[in-house]
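The following pair of complexes shares a single chain, subunit A, combined with subunit B in the former and subunit C in the latter.
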Partner chain A sequence: MSKKILIVDDEDEFGSTLAERLLIRDYDAKAVYDVEKAMIEIRQSPPDIVLLDLRMPGGFGMSTIKAIKEISPKTKILMITGHGSQQNVKDALENGAEGFMIKPINIEELLDKIETLYNQSQAINP
Partner chain B sequence: MKQVSITKLIESFRNNRFRVLKIKLFFIIGAIAGAPLLMVSVIAYLWLYGIAKDDFAIRFTEKIETTSLSMDYYISEKLSGLQFLASAYSYESLSEQKNLNNIFHLFKREFGELVDLGVIDDKGIQKVYAGPFQLQGKNYATHEWYEKTIARGRYVSDVFIGYRNIPHFAIAVKKYIPSKATFCILRATINMESLNNRIAAMGLKGSEDAFLISSQNILQTDTRFYGKSMERLVFDVIDDRRSINKSIEIREITNKKGFIGHKKLENVDWHLVIVTSDSPHDKIIDLLRHNYTMVYLTIAVMVMCIILNFNISRRMVNWIQTSEKNREDAIAQSEHANRLASIGRLAAGVAHEINNPLAIINEKAGLMKDILNISGATPHKDKFLGLIAAISDSVNRCRTITHRLLGFARQMDINMEMIDINSLIKDVLQFLEKEITYRDIKLELILNDEAPLIESDRGQLQQVFLNIINNAIDAVQDEGIISIKVDFSGGDSISISIQDNGHGIQEDKLKQIFEPFYTTKEKGKGTGLGLSITYGIVQKLGGDIRVESKVGIGTKFTVELPLKNKNSREDAKKYQF
Partner chain C sequence: MNSDKLYRAHLQFIGKVIAICTHDIRNHLAIIRESTGLIMDTLEFSRSKLQGIEISKPLNNIDKQALKSSSFLALLSSFCHRLDHESSVFSINQLIDELLTLLNRNLIQREIEVAKDYSENIQPIEGHPAILQFLLFCIIEKIENKGALQVITTDSNTNIQIILKYEQGLKDGSNDLMICTEALIEEACSVVSAQVKIGPKEYVLTLNKAKGGKT
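On to the complex of A and B.
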């Protein structure tokens, strides 16, 4: 069973392309472009990992993280940001996100992180 | 070069301004301190002058008194002697030539200095005469002395020439002749030279002059400075002699240094006048001349005042200069920090805006590469993969820049812990070990076992030293030398210097090297952010960073770090964006 990845980013070109690249690598990846759709998707089929842009229309990071964790506590959240404000990253981690990366991302590093987070998830919830 | 010249010009102008200020302060403080001193000196002088003047007046009065008494005695002695002759001898006896001759010789022997003796009848004719001149039969009826003797009974005349053509004065007494119901006058004369001799006997000092004057201001004796006998004195001694009859008057000579004093004699209408060019001021000078302690003391106080004044003005100017420099430094530092902050905000914004499209390019290129890789053999596959790799390389270059921009802007929160600086530098060197070895760079590491632990942020300090040492490696040639030295002299800070023997930095560029985006490296090799990040971190950690460099010799960075960081977390937040 392939790992389910949900990409939440208002930059649709980025999200769709990254999803396609993950699909090629046998991940069950899907991209959505706003928080509302993300929540619907998570409720319907909770992903293993959410790649979440810090700044999104309809929600700025923290509330989205809390909402995701409320719906699917097992889902790991990896923040992806073009800004990388220290305070925002810190707040995100304190609110339940498990990691962060700054755009543009290196695919190999991303895969490493995904695997690490997935393994952690499996270790806690086998 | 132009910038250096302007800097020098400003420095020169500033130094000149402080030099002028120092001189002004010297004179102002001198005036403030000197005014009371001068006032005290003037008061002391006036007080001393008053004392000296009183003393001088007493001594001068004594001299006039003594001399006038002597002159009075001299005149009255002669007058009394003549009076005695007139009383003791009858007219008949005095009218005998032989008797008069005898009396004259006796009289002269007794009183001396007499020139002659004569008896003048009531018609003014000299009936009998004893003396060296041929004056018998001479008529004196119209002579002033004759008239005044008749009127007063006895009289001492002013000095005059008379029949003998020699300056002399007459002493005459009127004698009644009851048997004839008439009178005669007994007259003796004395040469003016006798008066001169009496004056000379006073023992005058070189600065003094003494003489006799008549009531008509005619000199009766010769003077040293004011003319000869029988001449009119060139200045008025007294305004109204009669009103101050017998009194002594002393006054300063107008427009001239010195004093004049006079007293009227008892039996003659003469004034004894003494003039001196001495003054109380001379007394003070004499006093000082004979009291060197006071002079030395005064000079010592003045010299001390000048030295003290000089030191105070120098210290004040130095203090002002230091304050001004500190203020300027603080302003410059603040401006620099503000500039870095502004650029940081801009950098963060730019990085964010660039990162999103960059991420799209990166993913698109990555996807193309993925598709090509899974497509098997396709035409121009290698060409496309090469092109994609070039895109990815460029994206990575941009990524490095934007990530550093974010790093510069962010300068993460400090996380304090106790750090062994020796160990931290060794850790940093491990990152660079391969580069150093590969390029055969000689590393001189002088650590300090005495260095205490410092309270600082490990990660940020690693970034600081990584940046500086990395720059040193870039600056030196292969086989170059890099020296790293840890210094601790027991104060409240620790110093770490990193010196290389690379190409060095030009003096006019030294001030810019901490500015963001400023680099001396070749195009594409440096982002120009490393040292500005380093500068910001060191400042945030409460330290300081200095750079010295000479072209062709090398560059030395010195990082001063406090043993305890004083910058609070809140202060540090102002560097965040």
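On to the complex of A and C.
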């Protein structure tokens, strides 16, 4: 079964292009562009991994991390942002995110992180 | 600049604007990188996996984002060069537009929808554009998130007015940066020879042409 990835980013060109690149690589990837739609999607079909933009209209990343974990504790969260504050990295990890990447991202590095997070989730919840 | 406090606050304002801009430019670059990546994928992966992907989409993305970054950097450059001279000739409407565009990402995140209604015939004036932008930034910072903000400019023989009308309330006492205190707003007003009046759901900034600079 394909690994299910949900990309949550208000930059729709980024989200949709990254989703296509993951689809080509046999991931079950989908992009949504606001927090509300992300929550609906996570409730309906919890993803293995969420790639979450730190700052989105209608939801700052930290509160969104908590909301995702409440709905789907198994889902791993990798923050992806253009915001460069080190404090935000620390806050995101303390609030439950499992990883962090700064835009622009390297696809190989992203794939490595996705695989690591997926393996971690399978080790805990096989 | 009149005081150390205003100088420090202005530096923080510049830092905040640059942080917002670099965030935006990183997003442009991320889209460019993913788009070039998708084009490279089309060379690497088999045809069956690429069904439904149109090459024109990533190419359009690259073109659009490069253009966005380029106009954004032009505005950022103009913003930074406003510090070259303490006093200079500037267009009020352009000055406001520059600030609002640079703050756009922040305004979107704060869910503030901006509408502009500018008087078209305002002549350039001489004054302190960098401090005027700081003053406008302080007022915008004071407005609560989620709602509409209307920016109006008007011109008369003696005055230029910048009116900021908002439908939401004002933040309670503090603001995110803690730099836009009433005392600093007052001091910035004095530097740009402006009077600020707080009406119901609006800030009215009146610039005296004779004092603030000549047209």
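A few notes on this one:
In the analysis below, the second predicted complex is superposed on the first by the 126 of 126 C-alpha atoms of A that agree within 3 Å, B and C clash if a C-alpha of one lies under 4 Å from a C-alpha of the other, contacts with A are read in each partner's own complex, and residues count from 1 in each chain.
FYI, contacts are C-beta pairs under 8 Å (C-beta built on N, C-alpha and C of every residue); 3 or more make two chains touch, one makes a residue touch a chain.
Nothing here was measured: the structure is a model prediction, and the numbers come from that model.
When the shared chain is aligned, subunit B and subunit C each come close enough to touch A:11.
Judged by the touch definition given at the top, the superposed model places A:123 against neither subunit B nor subunit C.
By the touch criterion defined above, A:56 lies against subunit C but remains apart from subunit B after alignment on the C-alpha atoms of chain A.
In the superposition on chain A, the residues of subunit A contacted by subunit B and by subunit C overlap at 11, 13-14, 17-18, 20-21, 24, 82-85, 102-105, 107.
The touching residues of subunit A, when paired with subunit B in their complex, are 11, 13-14, 17-18, 20-21, 24-25, 82-87, 90, 102-105, 107.
Per the touch definition, subunit B reaches subunit A in the complex via residues 348, 351-353, 355-356, 358-364, 366-367, 370-371, 374, 395, 398-399, 403, 406, 410, 412-413, 576-577.
Note for the complex: subunit A touches subunit C at residues 10-11, 13-14, 17-18, 20-21, 24, 55-58, 60, 81-85, 102-105, 107.
Taken together, the subunit C residues at the contact with subunit A in this complex read 19, 22-27, 29-35, 37-38, 41, 45, 49-50, 53, 57-58, 61, 64-65, 108-109, 111.
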